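Structure in structure tokens, see below.
Letters are used for the chains, namely A, B, C and D, taken in the order the chains are written, and counting of residues starts over at 1 for each.
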């Protein structure tokens, strides 16, 4: 499939934009689900949008230096780049040229950018938070990489467009979740870790380190992080759908699947306290890795 | 309630101590200040007064004395003993009982910053609650808190513009300046 | 006796703005103000007893989040500084530091009678009597303590004020910094200083007025020294290692 | 501060660093500060810093009439105010030799136990929130609000009831109150299994709370730990039983004990205490209608009331531990000296500093909340 440059540019603009809007809906869903579990009404429909507009319209902005600014740009920019690598119905962007490995790398950029930006703030809470975030990343990346490897094995490609095509041609039986259930389970762990929700919410931890990386963020910096959260929810859930649930036949199915996938970590998040950091690493390197390795063995002996 | 027998024996050993059984399970001892640590040690060792509930300080300014009250509870004899002792107000120095009762550290520190009584041997006499206070120890009777307040704070304006307008039109109740709470602004 | 005007902006300010701009910027301004009014992050700082009525207001029964109000953890993130009750002098210093760290537009709400006039602690040597001497206050919610309904209704009033663009008392802090600093110096002593450069910021945001600087800010410059990390006294625990 | 003005501060290289918990920190209860020195994630030493809530209560009370102070005293401990007013009233009664009518005593016990329920429900949420689980807080505070509604019906105040006065209580129960209370107790009991499922048997919570902030019984006694925190170390010790006041000796209740002395044990003790409070309230509902009589003893003109000279030390079991009130009168219209022994003045300072030392950064907040430290009691 060959597309023109103009079309590509439109896709590259549209993909992050759609991701942002869907991401805001996901944030809304997360807050509403939490509210229902806590027997409350929850925020109004446009609340995520209000929050982001308000934060960007702050009249004084407190910066801690250039690196602080660059860090936030990296955090949001990393996810924007990730969106263009994540094929959705009708839009492939540069997914064919990038592939899974590139996406894996690009998804690490936000954490690193955040580390840079927070490091500049010189707030001990922020530094502890970011060291925890990087530790958590190290923890969930091992099962995540194993899952990636399994996906590459089973489909024989790292091209996400092809991965989707193979799954959709084969029907439900060809879905990653059916082909490699152990991998799908390990992927769920990694998803929970990637979203940083309880029980793996080690790096926000308000009662311990006062929201860690976010501690010195205000105004548009915090707004940037809110935007990043939208992208994060979208990327993680759509990636999971792409790898294990056959991607989206059309937008309706994609969104249905993505929201359904997201419901799992969100509901778990509101029912558990958080682990300690070392418990998190121990758990992440034990069960999901074990599941992933079993999955790999099964794939090889299939 | 009658004192348990061994309490009686115990207290008979001590001279110079006035014992009063005030209410049920309450006993008041008046101890000379020199003997108080020994009495406490005896009570702790022989009658199980393990629990130091509190140390209170009372400022008897007319007699120029501080009264220190050690409230001790024993589960063994189910009695609360309040050991009273008086020290001179002027140097305001006394002995710490920290080596007998660990909680004394907090109470002595508290009394030190509220009354200015210094306890020799207490582990920490630094300020705790009033770290940013540079006036006299506020719980002393001679410290006039109301005067201090008038000196340092302004009162809310009880006659805002809109109320004055009403007063000018003949409504409301005009409060004369000298009937208002006094403040710096009124003095000027 | 110098009478300072009560820092309440009249409703004329936004209308003046409205005529000067073009229609798009007006619509945009209105949208921004609406979003600001519907998304209020309040600082999670319990300065006094009124804080006990905030959990009911936040949680399941009264659920502030349905109005877009949620607690935030650090001053940088927050919009509203809720002074929940009496502020002791020690707390007031922290409150001022906190207030200066917040990003404008920021709002201060004094909850409980104690913030209005000292309340039942009017004789107390330790609590400040009148909050609006030390920082501009947008709204007082009287009561001892106000019920969650009162808190929410007060917050709704603030939302209305923000929506019509009247809640800009934060500008007052820049515009009349000298007055506030004077009151602070009177209570905390001449050497009082905060790490935030209010005068510099007021120039940067073009909120600098003749009243920003005065005798008190000159006094501040006299005493100002570079910011040092706060000293930590950890003597006790080290001395009594074996406890 | 603008970006261009920012100069990063150079700190001396060190393996240890300092972190302020509070006063503005969600991991601290109320307005309080704990300064910790850390080596990696381990707390090397901790130092409490109080005084943010200092109002000089004891000084204020010396300046006001005996009856005026009733309005002042509940403010000393905000989450659990009722024991304060009961203790103060009892102290004044002891000074005057007033006999409180029996019905008033029963009503006081009812108020105390309801207050204990509210404090414990609040506590569960606080403890859960320090570990990142917010549902118990939302539920607990909402359920607590139902008790507050009954308080409001009974006394007119939600949190600060000011229901007591020297001599008795201010008013009798409204009609149908006991039925509503009984229904509320049924409701609270029916909620307990849900709390169990979510909170008390949550594996992650048990994993985190077990062994956190552990103290032995010996340490607890040495540090004058009282109340549920002491009972969590396995010692059956309760002022209500050891030094009975009001009508507690006529009531049947157990003193729940847990072994372990850690954060989990402290929480579980309070969970059992909640059940015991419900049990006590059930007995009161049964007995109260049969107890007739006035609800307060006649007192002289309260505005010109010279309380006889003397002193009284009243001990009470509040939801946090042993509460002590030392009141001295010199025969005047105002108290000569009032001294409040809040249980938290031990828990929040000495005990917290000692337990935090050697613990992990993650656990500091949990230790503080599990001790149920109440900063206004420390500061007064």
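In this text, a residue touches a chain if its C-beta (ideal position, glycine included) is under 8 Å from a C-beta of that chain, and two chains touch if they have at least 3 such contacts.
For clarity, every value in this text was computed on a predicted model and none was experimentally measured.
A centroid comparison over C-alpha atoms places A as the chain most distant from chain B.
Chain B and chain D, compared by their mean Cα positions, are separated by 22 Å.
Chain A and chain C have Cα centroids separated by 36 Å.
Averaged C-alpha coordinates give centres for chain A and chain B that are 59 Å from one another. Within chain D, the positions touching two or more other chains are listed as 1-2, 9, 18, 25-26, 51, 54, 56, 59-60, 63, 138-139, 142, 379. Residues of chain B found to touch two or more other chains are 102, 131-132, 138, 143, 145-146.
Residue positions of chain C touching 2 or more other chains: 59-60, 73-75, 90, 123-126, 201, 233, 236, 243. Screening every pair of chains for touch gives A-C, A-D, B-C, B-D, C-D. Residues 23, 25-26, 28, 50-54, 56-59, 69, 71, 73, 75, 78, 80, 82, 101-103, 105-106, 110, 114, 128-132, 138-139, 143, 145-146 of chain B are the ones touching chain D in the complex.
Contact residues of chain A toward chain D in the complex are 34, 37-40, 62-66, 68-69, 120, 122, 124-125, 128, 198-199, 201, 205-210, 270-277, 279. Considering their complex, residues 43-49, 51-53, 55-56, 59-61, 73-75, 86, 88, 90-91, 94, 98, 120-121, 123-127, 144-145, 147, 195-197, 200-201, 204, 227, 229-230, 232-234, 236-238, 243 of chain C touch chain D. In the complex of the two chains, the chain D residues touching chain C come out as 1-2, 5, 9, 11, 18, 20, 23-26, 30-31, 35, 37, 45-47, 51-56, 59-60, 63, 71-72, 75, 78-79, 122, 125, 137-139, 141-142, 144-145, 148, 158-160, 353-354, 357, 376, 379. Taken in their complex, chain D has these residues touching chain B: 48-51, 54, 56, 58-60, 63, 94, 221-224, 226, 237, 242-243, 311-313, 315, 322, 324, 326, 328, 336-337, 339, 341, 345-346, 349-350, 378-379.
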